[in-house]
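Below are structures written as structure tokens.
Both complexes shown next keep chain A, but they swap its partner, so chain B is in the first and chain C is in the second.
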Partner chain A sequence: MTSLTHRRGWGFWLQLGFTLLVCALLTVPMAMSMLAGLTANYFVGLKSGLTLHWVEEVWRVYAGTILLSLQIAVACLAVTLVVGVPAAYALARRPGRLARLVEELLMMPVAIPGLATALALIVTYGAVGDLRSSWLFILVGHVLFTLPFMVRAVLAVMLSVDLTTLEEGAASLGAGFIRRFRTIVLPNARSGILAGSLMVLTLSVGEFNLTWLLHTPLTKTLPVGLADSYASLRIEIGSAYTLVFFLMIVPSLILLQGLARHGRPSA
Partner chain B sequence: MAVRPLESARMTDRFHLDAVPIRLDGCGKTFPGGARALEPLDLTIRGGETIVFLGPSGCGKTTTLRIIAGLESPDPGGRVLFGDEDVTDLPIERRNVGMVFQSYALFPNMTVAENVAYGLKVRRVGRAERGRRVEEMLDLMHLGEFAGRRIDQLSGGQRQRVALARALVVRPRVLLLDEPLTALDAKLRDSLRLEIDRLLRELGITAVYVTHDQGEAMALGDRIVVMAKGRVAQVGTPREIYYQPADGFVADFIGTMNRVGGTVRDGVLRIGRGSLPWSGPDGPVELLTRPEDIALASGEADAHLDGRIAAAVFLGDRTRLVVEPADGPPLTVDTAGRSDLGRGDRVSLRVDPARLLAVP
Partner chain C sequence: MSACVQHGPGDLPRSAASPRAGRRRMGEPLRLAALLAPAAILFAAFFLLPLVRLIAIGAGGPQGWAAYLTTLADPGHLDSLASTLALSAGVTAVTLAVSTVAGLFLVRHRFPGHALLVALLTFPLAFPGVVIGFMVIMLAGRQGLIGTVTQALTGGKLVFAYSMAGLFLGYVYFSIPRVILTVMAAAEKLDPRLEEAARSLGASPWRVVADVILPALKPALISAGALCFATSMGAFGTAFTLATRINVLPMTIYTEFTLQANIAAAAALSVLLGLITWAALAVARSVAGTSVAAAG
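Moving on to the complex of A and B:
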């Protein structure tokens, strides 16, 4: 007993070493990439000094893509909230086989490769008005891709709080549908809505597969610009660009993790 | 009627509610798919009466409650009336009923006080009056100190008291309780049952109570509606249901019932080796009687049946014997608590002729 708790055997050190190795394997490239974005000359190395010059350069060239990505993410969130929350509510209130089938169908766009979905969108809607050259075309793709995540997150919470009985309780006290939805349904689904929202923002900002096919030279998003810069510009610019991307996405990922840990239906 | 303590009398003045009668006219319920949950039912519930729907699960008692509440609508042709008003087509939110659920249905996103205030807010009662009425109601339910608590910080009994307060504070026309004590443990169930009984008497509200527990039904109901398989088996006071069951189902469902076989000839009923005067057609009969209506015979002369004790259970106030007679099913017999009879002893039994029931 004491030897187990006080003296760690070689097995422990082996496991720790292996874990650290795997962590390093994953994080070192990220760190290297971010560092490259802050290095004056990557080929010379760190001794060339640290600079924010490349970040500024990224902002000068790609500010448009960053703002467009944010714009699309926010619009995508708005649409998935307006469509996804009522959809989750409808699924939660109808515990039939049809509802479960719809739930499964909702996951289809996630299972199908983004490129295929994008091609299908172009074939079907590419010739409709000016849609093809509008940022709204990308928004359509993003909504298609992120909506299931919103619905799933909200649905899971709604199913865990027995909404039906809560609503019957509210109705017995005289509350009509609108009031019940506002005062009972939404507050009790809050943690799910929050988790879904962060998920949608994160996925939309990072989405590449669909967007790469859907974008035009005038509607480039951040990940598309990133691919572009890696392909055609100095490594330092691509790396600085990655750094900007991390800065945008990491806070929402951390919040998401926090929610997953503390998020209870009533919280 | 009953003499109430001074304090209760004052509370009654303040909270006394209108006693609205309820009438069900041919209310049946067929679920999509064709399953018949409730055969068409006619029933009048008097104003201020507490009526208990009692039966095993799936007997239609909850469906009936939900039809009264407005959570289900009856099959075409059925009507629900509150007083003179036909409420059949009104949804629950416009019927002004109070409802208490087995699972409490308290809003987890609100405090105790906010839960109780919810119905008043919906009714646009001003802030000052709302606060006053919530406080009064919480005091009445001994919940004053919990006003600011979250629902998940309360015990089951406290939660159900909050649910009662929330339902009553809006002064509903009728109070509907759907198995309100089922989720609680036995001791809490007893104390909350007494509290509900006191409340219903003091408020004078028309109440409909659904349960599968016959003890609750007997203790709370002015009248009991015993249901089985979507039909009403019997409607009556607890005493009527207990002493004059309408049929074998009611007899077996409420309390413990013995079945004694005998033969009638020329106005004399023969049971075992005893005979009693009996009016009824000649032939073999099966009669029912309660455990407390069979006694140990004092001597050979007045004994009707002989048997051997198969089990003796000491229950404190009485000892319950299971006696196997020479022929026929075992009999349950209640005797004095201080009995030293035990398994294997031979006993002679005497039935009380006035307490023998012939039931279809």
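Moving on to the complex of A and C:
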């Protein structure tokens, strides 16, 4: 592989050009939209000046959606941690056909389109009490969709360390299960729990496929507001709103990339 | 799900050595079952049960299960299904081609700025469909980059964001990061000696790619392609942002449900769509153990 790097013929430059073009396709619209959200008048262009006016406007109109999305994301993280980490542990301690089957089943909400899951939830629980108009209804959808990511991330790390041996050692020294779980299992699965948590937060804040059908006028989340602003408002507001969204998910995306880089050589 | 709870008793004979150890081991399957139970209950109550209900509603009309066939045979629905399948197949082919070239290049060459390029290329991984739709509007919309450039060059403004072509661009945009990641992960595991051997035997670079590298990447490509296909089939946000008139299956389901209030048809089409995406992802899973996460 390294021997190839010395020969930089036209093939190298052609491929580099192509890869840069792909990169431009992905990043140019992002940069454009961020800039548009800070431009006084996008139609006139940058010479109309930069302003935070549109961001303020977004906050004035859509603060509720941003706060609700954060609330749902944090609640979703709490539920997936409490439910997902023990489940991953159980699957890690019993690897076998049954565990594979259970894992496969748990992944289904990712395989089935959110639209279908949302329809199923509405026809089943839409008429139960006040659930339909509560933010908890959206939370249920988000937990279903994000739980597989938490379980996967934690399970992958748990399978890479020999939990059984570590635990047996601790048990022979008299450590009870709660103590072992707290002092051996959780610390060893830390990187998986962190990656899973970041993934859950990012996905929940951006979830639209399920949320669009589950939301009500009183329970609008950030992506629902985004769709709303793209459809009806001027491009500067949509852009400023997208900018706010980017600011919310970028930190966790960068952390995730860092984790993936650190995880690769050792895993 | 509950099957996991039941596999305790079968393990009992293993732990008859000493009474204390026996007690501990006997407790373990129960404990594992208890740890799995919250996830199982949540999943059963909020996913399996609703799904069964959705399937039943699809067959709830006077026609019974035949309603599935009738819904599917509706020319509008068939048309929508066909165009969604064609769109997804096209998106998969283009994404695989683009990402394989870029991914292989990034694995086989190191140069200044390499890490930044990889980071930028994989950055949009978790963007929701609505935001992807807005990116397409930025590129190919009425005030978009492509429109401005074509107007300056030819005088005619090229605007294609609000159509199937815009959706195509959006899904390719959405899929490139995860496919590049999959290709890179697989290419890093390739044995460089195979390539060296082929080269020393006089194979041209193209033959090395065609006969050594691509066959070795095949499982990863099939897996990534299936994932890309499934996401393109079921995604909703991008189509919703670009135009409600785009005739793809998720939009048809949405229209049947909200505008026509035809819940049975929406349910039947959802079940069909779910079967297609689930089958595609089952292919992905069976070919290669893990796949890069999908997002909405």
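A few comments on the model shown:
As a convention for this text, the second predicted complex is superposed on the first by the 254 of 267 C-alpha atoms of A that agree within 3 Å, B and C clash if a C-alpha of one lies under 4 Å from a C-alpha of the other, contacts with A are read in each partner's own complex, and residues count from 1 in each chain.
The working rule: contacts are C-beta pairs under 8 Å (C-beta built on N, C-alpha and C of every residue); 3 or more make two chains touch, one makes a residue touch a chain.
Nothing here was measured: the structure is a model prediction, and the numbers come from that model.
When the two complexes are overlaid on their common chain A, residue A:G238 makes contact with chain C while staying clear of chain B.
When the two structures are aligned on the shared chain, A:P187 is found in touch with chain B, with no touch to chain C. In the superposition on chain A, contact of A:V128 is made with neither chain B nor chain C. Of the two partner chains placed around the shared chain by superposition, chain B and chain C are both touched by A:A171. In the superposition on chain A, the chain among chain B and chain C reaching more residues of chain A is C. Of the two partner chains placed by the overlay, only chain C lies in contact with A:A120; chain B stays clear of it.
Of the two partner chains placed around the shared chain by superposition, chain B is the only one that A:R179 touches, whereas chain C remains out of contact. Shared-chain residue A:V161: touches chain B; no touch with chain C. Chain A residues in contact with chain B (one complex) as well as with chain C (other complex) are 171.
Touching chain C in their complex are the following residues of chain A: 1, 3-5, 11-12, 15-16, 18-20, 22-23, 25-30, 32-33, 36, 42-43, 82-84, 86-87, 89-91, 93-94, 98-99, 101-102, 104-117, 119-121, 123-125, 140, 143-145, 147, 149, 151-152, 156, 171, 177, 199, 202-203, 206-210, 212-213, 223, 226-227, 230-231, 235, 238-239, 242, 245, 249, 253, 256-257. Those residues of chain C whose C-beta lies close enough to touch chain A in the complex are 1, 3-4, 7, 24, 28-29, 31-33, 35-36, 38-40, 42-43, 46-47, 49-51, 53-54, 57, 98, 101-102, 105-111, 117, 119-131, 133-139, 143, 145, 173, 176-177, 192, 196, 205, 230, 233-237, 240-241, 250, 253-254, 257, 263, 266-267, 270-271, 273-274, 277-278, 281-282, 285, 290, 293-296. Residue ranges of chain A in contact with chain B, taken from their complex: 161-162, 165-166, 168-176, 179, 183-184, 187-188, 190, 265-266. Looking at the complex, you find that chain B touches chain A at residues 69, 71, 91-94, 96-99, 101, 103, 105-109, 118-119, 122-123, 150-152, 163, 166-167, 170, 176.
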